[in-house]
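Structures given as structure tokens follow.
In the two complexes below, chain A is the common chain; its partner is chain B in one and chain C in the other.
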Partner chain A sequence: MFGQAILNDNLPGAKQHHWSPYTDNGGTIVAVAGDDFAIIASDTRLIQGYSILSREQTKLFKLSEQTVLGVSGCWCDVLTFTRTLEARMKMYLHEHLKPMSTPAVAQLVSTMLYHKRFFPYYVSNIVAGLDQDGKGTLYSYDPVGHCEKNRYRAGGAAGAMLQPLLDNQVGLKNMKGGVLPDITKEKALMVIKDSFISAAERDTSTGDGVIINIITKSGVEVMHFPLRKD
Partner chain B sequence: MYANPNSIINPSLWPNGPAPGCFFNFPGANVTSTSSSSGIITRTQSPVTTGTSILGLVFDGGVMLAGDMLGSYGSMAKFRSIERTIKVNNSTVLGATGDIADFQHLKAIIEQKVIDEDCADDGFTLKPKALHTWLTRVLYNRRSKFDPLWNTFLVAGIEDGEPYLGCVDKIGTAFSDSKIATGYGAHIALPLMREGLEKKPQMTQEEARALLINCLRVLFYRDCRALNKHQIATITKEGVTIENNIELDTNWEVANFVIGYE
Partner chain C sequence: MKGKGCVAIASDRRFGVQTSTLAMDFQRIFEMGPHLYVGLPGLATDTLTVHERLRFRLNLYELRESRKIKPQTFSAMVSNLLYERRFGPYFVEPVIAGLDPVTWEPFISAMDLIGCPNVPEDFVVAGTCAEQLFGMCEALWEPNLEPDSLFETISQALMNAFDRDAISGWGGIVHVM
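Here is the complex of A and B:
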């Protein structure tokens, strides 16, 4: 009867609110480690669907004078994850009277991610910093805590687009030649800037600006440059 | 006379007619289900009485929130004088989009928090950044329980002499910016606000108010869930003022040129 037909929500035009605890807020992270430095950069656009929520939201979180974390993905998970991590950094500092080293942070990030293996933080993490010997070091993760040590890494929305570029320009992959020299800070900065300019051309969720953190033994230097805003 | 004597004892309201209430399509009627037999409880909800956009804009020396006073019941403009922008204390206001009941539930909790702060009498008050962070945690925890509070909030205020404007949505996505619009306003009003701020990055209070009023008017023209009765909250160092029941002059002359709907 027509009474029942009206109640049927499979009719064309009938809408059902669908709710998901996750959302994609876009954003891209690129990091390169050198001999005595590490550089990590993120774009500053925060999106939801086709809307730009903010044009000036950094995705870099300074954890200590030696370590910076870059996170993108589901922004509410990013906030929760980084706040918990920052609290753990403070607890470590007060217990051991020294800041946590970069390799220790790297292990902590993995443990914290895997702790939520069956309701994961939907985030792409890159930890950049100097290790105890002052060498540039870098770790990248999947959302459930798989960790890999790298020399260079692109993550987030345009990560899959930029990684081959870094393989070529930083990793010098598939090229004839001798030993791989350590990348200079100037060359690394150049590649990172070009990466973001290219990503902003092809990825709608990347743009507006880039924040770059250069980690050396004298601390973290912050740089900013604009990207296309459309 | 009656073929079935049972129909006299237990008469149906309208045999072969529609069931009572079946013409109303309640939002989420088929979504919410609490199944106790299977032991699985699905709490995923959807909004019932809703409020539309809230706009927030930072100007030189303060911040403003603006929105209308409608509580919609689906497409029905049911409650026409809902306060969706509330004063929290002398430095903070809160504006809500989405489910009105969820907002009013949180409002009661926040009001109690403010009373507790007053009772402590230690000179500390709830500041906008603190309220913003607190709301982020509350909303994120509810989404993690799969039982979200169906709102997007704007928190506006003055903290340490600086204007602050923040936004939190129903899953805990939070950010701060000098111009934010929720709901339909994110599509219609935010571009107008960005254009205004690009032309003049440091607006005066009057300019900000004029821009917001223009945005509210455009929203009233284009958003079917908007009402021409607005609230505008202004927060400066001097404190909080909320103007209620603001009616804007509108011009529907162009409606005469729309043909085909006579």
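Here is the complex of A and C:
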């Protein structure tokens, strides 16, 4: 009654071992798509358990002048997935003699993830960029490739914490007269900065710094700002 | 949430079992005094039981002491009640909000299911969408909010958070003291 543990692992001879191929390396990604721009940002902290592996590891991968991919989750899967994706994009370029457009990349990411449906990449993906008409687009994914086109998305470790804030400030949800006009670049940047500052306060795996990629027709602009290091 | 000379406490109204909603008017915030409220999110049967046992102890306190209880003392009382059941706990995570009956000082606190108290200066959250609530409150809260602003802030924090949780929602209720 008092001393019985539910799982008694002190039985003589028997010991329960458990090895997992996955590990959680943290990382949070936030992205917002406007009329003629797309912004995607990630924190720069890489963790394992309660230890910090790096304070300067970005989770954003520039795929082309119009497309940036943000990936977080299990870092080994992040690296393999992005390398395989970049190889596939190079093959496309050689076969079609033109770089992959953002919607094409979006579809490729989905199929690549689903190919590993029964041993998934443990990653949270967001593809941000400009489509062929120059309009900002955003696609978000689950680990097995379910794809959804969004105007704003928060993914990764602090995704659950930040998504409602984006709903409120970018989507104007639960606000009187809240009809979704296209958000300006300045307001989007402010909301993203505030989101990361809030996430760094309350989530242990988010902090150290934020890298922001702003994708416009003139290319990809990179910004960085620091976060709390504790 | 704490404000300037005021506190606010809010909850959703859904009562359900996984995917089934059984009520949309479930009360989980209870008035323990004219300026003292306790919220008991978690297992509904324990919500009701803890409320009743707490009311019992509070009534005895007020009869013996002939005065209204301070929120800090009430918080200690809740903590004690929960820790008595350390190895077979009540599955509730109380949130307390009140004003000192003498000085009108705002007070908030929260506890885990075995009574570990947390007494911060800004806000406390509990429930199935606690992560979402943390994100909203951290971004929206600022110190020294007047009652009307505090109401707007806590309402937006609650609504946008529970809109991202499948098992929370169906309306909210806010008490501002």
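Going forward, the second predicted complex is superposed on the first by the 210 of 230 C-alpha atoms of A that agree within 3 Å, B and C clash if a C-alpha of one lies under 4 Å from a C-alpha of the other, contacts with A are read in each partner's own complex, and residues count from 1 in each chain.
Definition applied: a residue touches a chain if its C-beta (ideal position, glycine included) is under 8 Å from a C-beta of that chain, and two chains touch if they have at least 3 such contacts.
Model, not experiment: these values are computed from the prediction.
K.L.:
On the A-aligned overlay, A:F118 touches which partner chain: chain B = first, chain C = second, or both, or neither?
P.N.:
Neither partner.
K.L.:
Of the partners chain B and chain C, which touch A:E201 in the superposed model: first, second, both, neither?
P.N.:
second
K.L.:
Pick one for A:Q57: touches chain B only (first), chain C only (second), both, or neither.
P.N.:
In the superposition, A:Q57 touches chain B alone.
K.L.:
Return the chain, chain B or chain C, that is in touch with more residues of chain A.
P.N.:
Comparing touch counts on chain A for chain B and chain C gives B.
K.L.:
Can A:N25 be said to touch chain B (first), chain C (second), both, or neither?
P.N.:
After superposition on chain A, A:N25 lies in contact with chain B alone.
K.L.:
From the superposed pair, tell me which chain A residues show up as contacts to chain B and also as contacts to chain C.
P.N.:
2
K.L.:
Over in the complex, which chain A residues touch chain C? Could you list them?
P.N.:
So the residues of chain A in touch with chain C come to 2, 158, 160-165, 167-168, 173-175, 194-195, 198-199, 201-202.
K.L.:
If we count contacts the way the header does, which residues on chain A are in touch with chain B in the complex?
P.N.:
Touch list, chain A to chain B: 1-4, 6-7, 9, 14, 16-17, 19-23, 25, 46, 48, 51, 53-57, 74-76, 79-80, 119.
K.L.:
Of all residues in chain B, which touch chain A in the complex?
P.N.:
That would be residues 16-19, 22-23, 25, 27-28, 30-31, 44-47, 136, 140, 143-144, 146, 148, 167, 169, 171-177, 186-187, 190 of chain B.
K.L.:
Residue numbers of chain C touching chain A in their complex, please.
P.N.:
87, 131-132, 134-136, 138-140, 156, 159-161, 163-164
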